[in-house]
Amino acid sequence: MRSLPALLILAVAIAVPIAFGGNSYVMGLMVSGLIVAGVALAWALLGNLGGMVSFGHAAFFGVGAYTSAILSAKFGLPVPLALLAGACGAALCSVVMLPALRLSGPYFALAILAYAHIFKILATEATSITGGSAGFQRFPPLPTILGLDLSSRVGSYGLLVILVAICAAIYLAVKRSHVGTALRAMAESEDATRVVGVNATLLKAWMLLLSAFITGLFGAMNAHIINFLEPDYAFSASWSILPIIAAIFGGYRTILGPVAGAVLIYLFDQIVAKELLPVGHEILLGVLLAGMILIAPNGLFGMFQRKTAKGAAHAAA
Amino acid sequence: MLELLQQSLFSGLLVGSVYALVALGIALTFGAMKIINLAHGELVLLAAYMAYVIESRTGWNPYAAIPLAFVVTGIVSVVIYLLIERIREHRELNSLILTFAIGIILTNAILLVFASDVRSTGSPFLQDAISLGSVYAMKGEITAFIISLAVMAGLWWWLKNSWYGRAVRAVSSNRDASMLMGIDPRRVELAAFIVAGILASVAGVALYTMSVVQPALGPGLTIKAFIVTVLAGVGSIPGVFCAALLLGVTEAMTVTLASSALQELVGMVLFLLVLFFMPNGLFGARARRG
Amino acid sequence: MLRLEDVTVRFGGLTALKDVSFAMGAGEILGLVGPNGAGKTTLFNTISGLVRPKTGRILFAEREIGRLPLHARARLGLGRTFQIPQPMHHLTVRENLTVAQVFGAGKADAARVDEILEVMELSQHAERNAATELALQELKRLEIAKALATNPKLLLLDEVLAGLESKAKRRFVDKLRELHERYKLAIVIVEHDIETISTLCSRAVVLNFGQMIADGTPAEVFRNPAVVESYTGAADA
């Protein structure tokens, strides 16, 4: 992916801490933006490769957050392991959702939403484990590794950039693999793939698990960064909604689109929207999302890709 | 205990009738256009707030708000329809996201205009409870139930006897064939949307009279409507009615027997159970998958 | 190689196949004949796994496959083409074969993909979008190429010759014979054309209204009065 957008994003990613490293507020925004970016990436992966739109990613986010927090606080698991465990927990909970794979588009999206609600209510009710709606604090923050304090703004920023990059690389690797090719065909010709030996259901299941894993990982990261957890926050619909808007805005058929989109949308929401309308600022996001679907359903990066593809075709002809 | 159960059964039935109205609205647009309007719950909520406006401004009975509610939800419905019309590719999923976005817009618009306070009817007539044997019901609930039944009967008549109604049924079951018969699907879709809006406005006003409203209710209503349509399966108004009553009763029982927090949970679990084990719904005729 | 025992398939109230039984060996080319609506495509769908039979057994290489999902049967060596070609969308011709190979045969082998492309005369179309840039004849060849890429032992061909005029038909038949010899394939082919069946197939099975009414060499089968009646009867209707 030695393309211009990728290099640009990399440049920005490096420039930000250099320019704003001392500014806690800005770095905090970037950190949160990157969390949304991770989830947006995971959502887009499921939508793009798996062909499934989900309205309930908050479920994976919350489960990842709680699993990691509980394991590190109550069972003393070191934070890095707890993070991975959180991701695995989210992946496990997606196993429960596997039956939903049989459903067509809108039914799947809403089934996942139903699951998200269920998990949220379960987390609220299981007060003995999760502390219920009162919330859950006292769990360890990100550790210091090799002298780098990862719990600092810059430290967590750096870690998140690396994680997002790794997840993007995984996405790319899957997309380019034979599995990715088969998934591409499955979108509109699933029976044709089955007839030649593709276990379509299994491939879709893997995409669901992968998407859940990544989302859970970022949910866990977020928990340790802000050091506070309660069901309404961890399972908040925002974690389902913001990534969708981010991915559509940035271009959900691309890999970097959701990432760039997430940061932009998050910054827009926090800096512009909340200033204009402290209450009901989501309305601007809704307008943005509706506008994108109507005018540019392939998002920013999608439009850019189209242009370069046309250019390439022209050159080849 | 038995009395509590009887009471919750009865209350559940009354609430269920309003759920049925909401569900029928979603089912109508789904049948005509094969898209799910995720903003439908917000339309109902909009109508409920219109009832609030009328009652608080004029002191009239909230049901007097129905004409206003018709107009407002009608206009919004038409706007939604026109926007959906403009989607070129991947209609099914893009319209899902579009209506999702519109839902967000409407919810926040309501929040901006009316603030997040909880509202409900102040009318003493409607809040007055009467007893029927060993169960109690608010007059508001009974009125809502009766009006819901009346509207459903009207809908049933419309679908069976009016030209547009039958056209909607035709397009729902076979779009291409109905086009060959000279039916313009776009007009039919618009009609379906408008009728769905009418259903939503009655449901919204009824909701206001029998329960409390706040801006956050929108998505929950849409989800409940969806759960009901899945429970009912494709097919008939009676099926939707029964499924809605079932949901209402199950929720009421859960509140009585367990806790109110689990109320939402039970609907979700029911939804998933039916989706996985009875994809035709409890009363439905045709398969839903794929 | 392939054996069906008393296979019955019902769709709701309609019995599409009733007590169908036959067997075929590894080197045979079997013709499946019958008027429209007799159940030939349903039989293929049942063998390949799109449809589950109500009763009966299906054995492939002495192994019962009735419970296996579609993709598992493909991996065992059961290839199938559709009457209306179903290429994999959004992929090039080459990618179609590669996916079939990787998932159906077990591993990628670019040389073999090239070989199949050549045999099926698709080499110059290799980089074209399979779903949008091919003509009907090429699509039909792709159907077979895809199935070949899975290293099949048995090929189910559903009316591959429909829509072709006689010269193209003859070329296709020669091609099928070439494939049969080159790859040691057993073939079951659904066909209406009596001449094709007679020249290509060593055996023929006739279906009518979901039931088998004849099983033997093409010559025997086409002399059978019940078979003749089913054809002429269908022509009248």
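Chains here go by letter, A, B and C, matching the order in which they are written, and residues are numbered from 1 within each.
Here is the rule we go by: a contact is a pair of C-beta atoms (placed from the backbone, for glycine too) under 8 Å apart; a residue touches a chain by one contact, two chains touch by 3 or more.
These figures come from a predicted structure and were not determined experimentally.
Across the two interfaces under comparison, A-C and A-B, the one joined by more C-beta contacts turns out to be A-B.
Taking the mean of C-alpha positions as each chain's centre, the chain lying farthest from the centre of subunit B is C. The distance from the centre of subunit B to the centre of subunit C, each centre being the mean of the chain's C-alpha atoms, comes to 50 Å. Annotation: 45 Å between the Cα-based centres of subunit A and subunit C.
Centres computed as Cα averages put subunit A at a distance of 32 Å from subunit B. Every residue of subunit A that touches subunit C in the complex is listed here, in rising order: 178, 181-182, 184-185, 187-189, 191-200. In the complex of the two chains, the subunit B residues touching subunit A come out as 35-36, 83, 86-87, 89-90, 92-94, 96-98, 100-105, 107-109, 111-112, 115-116, 219, 223, 226-227, 230, 259, 261-262, 264-265, 268-269, 271-272, 275-276, 288-290. Contact residues on subunit C toward subunit A in their complex (touch as defined above): 48, 50, 69-72, 74-75, 79-80, 82, 86-91, 95-96, 98-100, 102-105, 108, 131, 146-147, 149-150.
For subunit A in complex with subunit B, the touching residues are 53, 55, 99-100, 102-107, 109-111, 113-115, 117-118, 121-122, 124-125, 237, 241, 244-245, 248, 277, 279-283, 285-287, 289-290, 293-294, 297.
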